[in-house]
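So that you can tell them apart, the chains are marked A, B, C and D in the order they are listed, and the count of residues begins at 1 in each.
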Amino acid sequence: MTSATTTAATNAKAAAADLVLSVNNIEVIYDHVILVLKGVSLDVPRGGIVALLGANGAGKTTTLKAISNLLHSERGEVTKGSILFEGEEVQDLSPNELVRRGCIQVMEGRHCFGHLTIEENLLTGAFTRRDGNAAIRRDLDMVYTYFHRLRERKESQAGYTSGGEQQMCAIGRALMSRPKMILLDEPSMGLAPQIVEEIFEIVKDLNGKENVSFLLAEQNTNMALRYASYGYILENGRVVMDGDAKSLTENEDVKEFYLGIAEGKRKSFREGKHYRRRKRWLA
Amino acid sequence: MFYREAGQFKTSYEADESVFPIRQDRYGIAIILLLAIVGVPLLASEFLISSFFVPVLVFSLAAIGLNLLTGYTGLLSLGSGAFMGVGAYACYKLTTFFPDANIVLMILLSGFAAAAVGALFGLPSLRIKGFYLAVATLAAQFFLSWCFVRVPWLYNYNVSGAIEVPTRAMFGVPVTGPNATPTTRYLVALGIVIVMTWLASNLIRGRIGRTWMAVRDMDLAAELIGIKLYRTKLLAFAVSSFYCGVAGAMMVFLWFGSAEPDTFNINQSFFILFMVIIGGLGSLVGSFFGAIFIWGAPIVIKTLPYYFDIAIAAATVEHLTFMILGALIIFFLIVEPHGLARLWQIGKQKLRVWPFPY
Amino acid sequence: MTAPYAEIVPNAASAARSGRIGDRLLSVENVSLSFGGVKAITDVSFDIRKGEIRAIIGPNGAGKTSMLNVINGFYHPQKGRITFRGKTRSKMRPFEAAYGGIARTFQNVALFRGMSALDNIMAGRTLKMKRSFFWQLLRYGPALREEVEHRKFVEEIIDFLKIQDIRRVQVGRLPYGLQKRVELGRALAMEPDLLLLDEPMAGMNVEEKEDMSRFILDVNEHFGTTIALIEHDMGVVMDLSDRVVVLDHGIKIADGTPDEVKANQAVIDAYLGVAH
Amino acid sequence: MADGPHAALNTFPKLLVRNARQFGDRPAIRHKDLGIWQTWTWRRVYDETRAYAAGLSRLGLRRGDTMAIVGGNRPRLYMSVMAAQMLGAIPVPVYADAVAEELAYVLAHAEVRFAAVEDQEQVDKIISIKERLPQLERMFYEEPRGLRDYDHSRLTPIADIIKDGAEALKDAAFAKTIDDGIANGNGDDPSIILYTSGTTGQSKGVMLTCARSVQAAVDTVMFDKLTERDVALAYLPLAWVGDHYLNYAQSLVAGFCMACPESPETIQQDLREIGPTFYFAPPRTLEQLLTRVTIRMEDASALNKWLYRTFIGIARRYGEKLLNGEPVPLIGRLLYGIGRIVLYEPLKNTLGLSRVRVAYTAGEAIGPDLFAFYRSLGLNLKQLYGQTEAFLYVTAQPDGQIYSDTVGPAMTNVDLRIADDGEVQFRSPGMFTEYFKDEAKTAEVLTADGYVKTGDAGFFDEKTGHLKIIDRSKDVGKLNNGMLFPPKYVENKLKFYPNIREVVAYGDKRDYVAVMINIDLTAVGSWAERNNVAYASYQELAGHPLVYDMIAEHVAEVNKSLASETIMAGAQVKRFLILHKELDPDDGELTRTQKVRRGFIAERYAPLVTALYDGSTEADISTQVTFEDGRKGVISARVKIRDMALEPIRAPVGKAA
């Protein structure tokens, strides 16, 4: 089978299932010699929330960066496979062009411009747009309706707002580019529980009302599986398990390794062992 | 491909922390040293030695000096030319005061003068960082350049304002001055460079190197693990200036034979900075690569027309050299922003995993 | 014949713990801190006892990190006093805190990015290394011996934190969670009396949090290191800490055992949202 | 039996005493720990084990007691084996990855009073089964991490025992009792009990005696000319006869150094660092190694790929001939010489095999291509045939007489014969004395004239006189039409494909042969990548129609090959399926040494076996899986079945005798 026909087949698959994003068998190598991802494939249906789970170093962030073409800054490159956004190959597009087409990444660690105000930060998100100030104003209002806190703090310098507000600002800024899909890297990191909940609620809201699809990389498996419809688990740069959120939540391995539940109840962090049970990825 | 590392294992931390833990690297460095010590004097022409090998040694040492400050400690300096000058003038004064003293000793001692001046001009680094510090070192550069012209004591009130290197011999062999052969001067310079490179590598691999790099990477955290910033930065300035000073003394005594005040102007500082950046910040071997490249490339470019019998005016060649060199620098920086040292490292890594890609 | 192997079971660890907690190691009295008129901490007092694990919790922006910064000398409070090991001071430099035995990790990881994990942790030994510049220059004899001796110590830490495989990796390349481990390693290399951890579990999944908890408990129990930690995972806070202080908008709203704090209505309103 | 220079040296402790004297400062054990290779010289090993034995004796370990050793390849665990033997006690090593159930059986059956274990994991496992081990008095552990808060009344760190023993040895009278114990060790006493994990039924404790074990090792050390300058990497399970023989016994006899890897995950890297000169790997490991090489080469640049293809081609043509000392044209030598520089040596170097002088493989049949690949690179890889009951070696290939389809002639001092029914039987210096507490089984296996029945069917090759193994004799069956069905033969043929990891073949008393296949995730995953087949999990990949197509091609090739062999033609595969999960020793589907338990699998996957023979095109299966901690889970899947066309039989049909 030639690769042309397979690509055609994948394209057809993407069209048939109405996938907004389809990643096929990508391999990523850093620095020409370090293999980070191997054979990673995943799909995001239009209007879906898909979670990417796994330990540190499993390759979640790399996957997101591969999709949004941000690997070059870290001396990485996609050496194999294809990435289709709305049915078109996008591996060779610049991150800008990708944003213009509607796919934007919110980086881990909430990279806001600290010396700009919240509102200025949000406006920087609209720089790829060509549809005039009125439209941008409208969207700014839309962002504020979802993120009430940001409206209250819109004149504050982002650097002096709390972690939660910065995360909201980062998502809000992404929204300003009118994306069809947002790649969200660790939205819950370092945030207080009730803020995490708030942010996930907003994500769900945006997903429902604005029809934005999400691919989110998350350590907080519990949260992620509560809001996502589908999940992929990465380990050592490979997808080892996937399934709809419900089946993952019920999976014994996921329970133990990612949700911290053993025999039906939460394990105490005091009782951790110095050895790990062998993982049997049997899905 | 040439690496056969199977069976090379370490049973002690001493061995694990040696400079060249891989046997093939040790062979490699031994071959390079042998070539440098025996091969070059035997095979290279006097012209090549005095126009290529000696300058490369001088610049390598200066580049190491700047690299210790900029590459390892993260303090940007535009004063390395001036610090070289301090070394040169100090050495000149020392030979005046102690005409009978060993010249190599004098060259090394002049480094201390440079170190003192360097530490003094490093004082602003306690308060300011980055570009602001670069500007402060620029001030040092201008001030010292001014001194080289305006303080006649420095050049023994010589009418021409230049310094002339006196003849000095070691074991009866003239080392400096007009009677010293290029080979002798080369071997002396080589000896100094080898020893000082070894010392620098010792420093950066130990506690001091780590405190420097800690300050470079995250000064807040460095302070938090008990590193005193002011001491660390001043030490870096002092050591860096020492290296530059010795390089400056070597430049005048083992290469030029005499020097005008403007030898050590701002251009010299930029020249060294180019070497460090092209060679690779934070890499000793990069300092050598940088010096070889920046000094060697123009020579190659200039001689190429002769080889191919192309008649071009000397001035044109000069201009072309500048243009090509500029283009090469930009090209290298685009291909590998981390300098030649990183290219070297990647190449080596490729050879180590050969025939595999990773 | 002796009875079968019945009695080998893990002890209830808490029983052993209560004995370990000793006198007051550090006390913060009426500390207030503001930046250009914006109040970060208002009149907060609490203490940390020797050998305990003390959690500081609260919403984002409550002043928790500022509190740690005050303790180790990054910030100088406008009002209030801090007493550490019986010595009261209002101003000190961070390196003095290091000399005094306080080590610290950061929420956003403050590692030396260009250095390997090994070198980062070795850097944590700086204070313990005595050989002079000239020995360092020669890297021979006493200097080499000292280097090797500390390398041994650092290798124990690497083994303890199970980061053998990333020993030689430049830390800037490591994923966040592993950077946190290396940073803990660097702090441990200082053999501190008081260890301040700012969100040690951020960006980790359950398994990694279990590991990190194990490390923190081991450090606390084996070496008797006193630990103050900021953490958002309530499970971790409830399981690990002996006492919890809760901050909100720079004001202390509760202080007590995990159970007390969990049941405190003010804490539920300001932070937990729902009772966990 | 104990003639020659080693007459007095008839126990391992005596050999250790000799080594401490003769090779005192040479390395005996190395262990990658804390970033470097920590080294124990023979003298240090002797001092520590002697102190350890003294400590154990003070804790009450006596001659004839059994002591379990549970864990990975750690120096202290090897020393535990030695320390027990110094006191005349019998060590019983157990697989570190054994689930609690298996552990309970062995420890109870061997009536161990003491157990030396590696770490918290093993301690927990034993605690979880403590009710079933009334004899167990004490546990010793190597790695203290996590065990601090455990009740230590019956739990002791090995380090403490050694310290206590060293202290006690200062008393000259006590030291003399220990030393006399070593000096008076009886060659006829049991040396060790190795539990075999048979492909059928419960495991049996194979008892080996001291003098016989030593003698067997002496023979092979001489056979391969191993000396104190050799180095081996001890990475195989401690409880397996191979490890005990190749590393423990041979290193004591030859005085060579055994290196213990840092952890099971770093074996490949540790192998490269240590660069062993004596190497053993089961075919499966070699296969995986080659798979990884192939996959990594697929990612290489065009130039490197070309070089690889070209020079591997040259190696295939000349490599083996050169190794065997056969005549090769000058151009061949020249090309091979270049190949050595650009490919073979770098490749062996990255695999850690550059320094290997003697390498063995055994345990299963090895694919001829695989075998040839390594040999063509210049690696002196040889086959041996053996079993626990023989203390490993029955046959081995001498240098210069290597054939991929035979396992060599009888080892020195081994009597080998083929019984009338085709069964291989032997009598060897190292053969076992009995199965521990199982006279019936012992009697079953030993013939009246003192030969051991191997249970394998084999014959001597006419040309070379070397032994050829066909299959487990009782497994060789017949199809309903009377044709021969040797399951392993069929399985091996399929397993030689890198994409196929495991095969279970059925056909005895059936109408045709059908197989269940496990794909190899690494190889098939890489294939999927190249062919742009997206998948997210093992199960998805295993069920992919394109994967089925690919496997079907392999099966068709095997059928073609079977059709050309007279007596095997009937064993062509008519139907196959790809299993949705990997066969796993924790579920009892494989033995700890990774051999398939065909009968057990047939029961477990009964619906699938039924479906293979009732013509259905797919079947539902739901199987219970056991997690390491004993928890059970269930996985279900719908598995598709593929029909294959049979090749016309080209040779006259052979009927089984």
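Convention: contacts are C-beta pairs under 8 Å (C-beta built on N, C-alpha and C of every residue); 3 or more make two chains touch, one makes a residue touch a chain.
From a predicted model like this one, the values you see are computed outputs, not experimental measurements.
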Result of counting contacting C-beta pairs for B-C and C-D, higher pair: B-C
Distance between chain centroids, defined by C-alpha means - subunit C, subunit D (Å): 46
Computed distance of Cα centres, subunit D from subunit A, in Å: 45
Rounded Å distance between subunit B and subunit D, as computed from the means of their C-alpha atoms: 58
Residue list for subunit D, restricted to those that touch at least two other chains: 35, 145-146, 299
Subunit C, residues touching no fewer than two other chains: 10, 13, 151-152, 155, 214
Numbers and ranges of subunit B residues touching at least 2 other chains: 12-13, 16, 353, 357-358
Chain-level touch network, classified as line, ring, star, complete or other: complete
Subunit C partner contacts - residues on subunit B that touch it in the complex: 12-14, 16-17, 199, 202-203, 205-208, 210-211, 213-214, 216-218, 220-229, 235, 282
Contact set on subunit C toward subunit D in their complex: 2, 4-11, 13, 16, 151-152, 155-156, 158-160, 164-165, 167, 214, 218, 221-222
Residues of subunit B touching subunit A in the complex: 346, 349-350, 353, 357-358
Partner subunit C, residues of subunit D touching it in the complex: 33-35, 123, 126-127, 130-131, 133-134, 136-137, 139, 145-146, 148-151, 153-155, 262, 265-266
In the complex, subunit A residues that touch subunit C: 30, 53-57, 61, 108-109, 160-165, 186, 189-195, 197, 219-221, 257-260, 266-274, 276
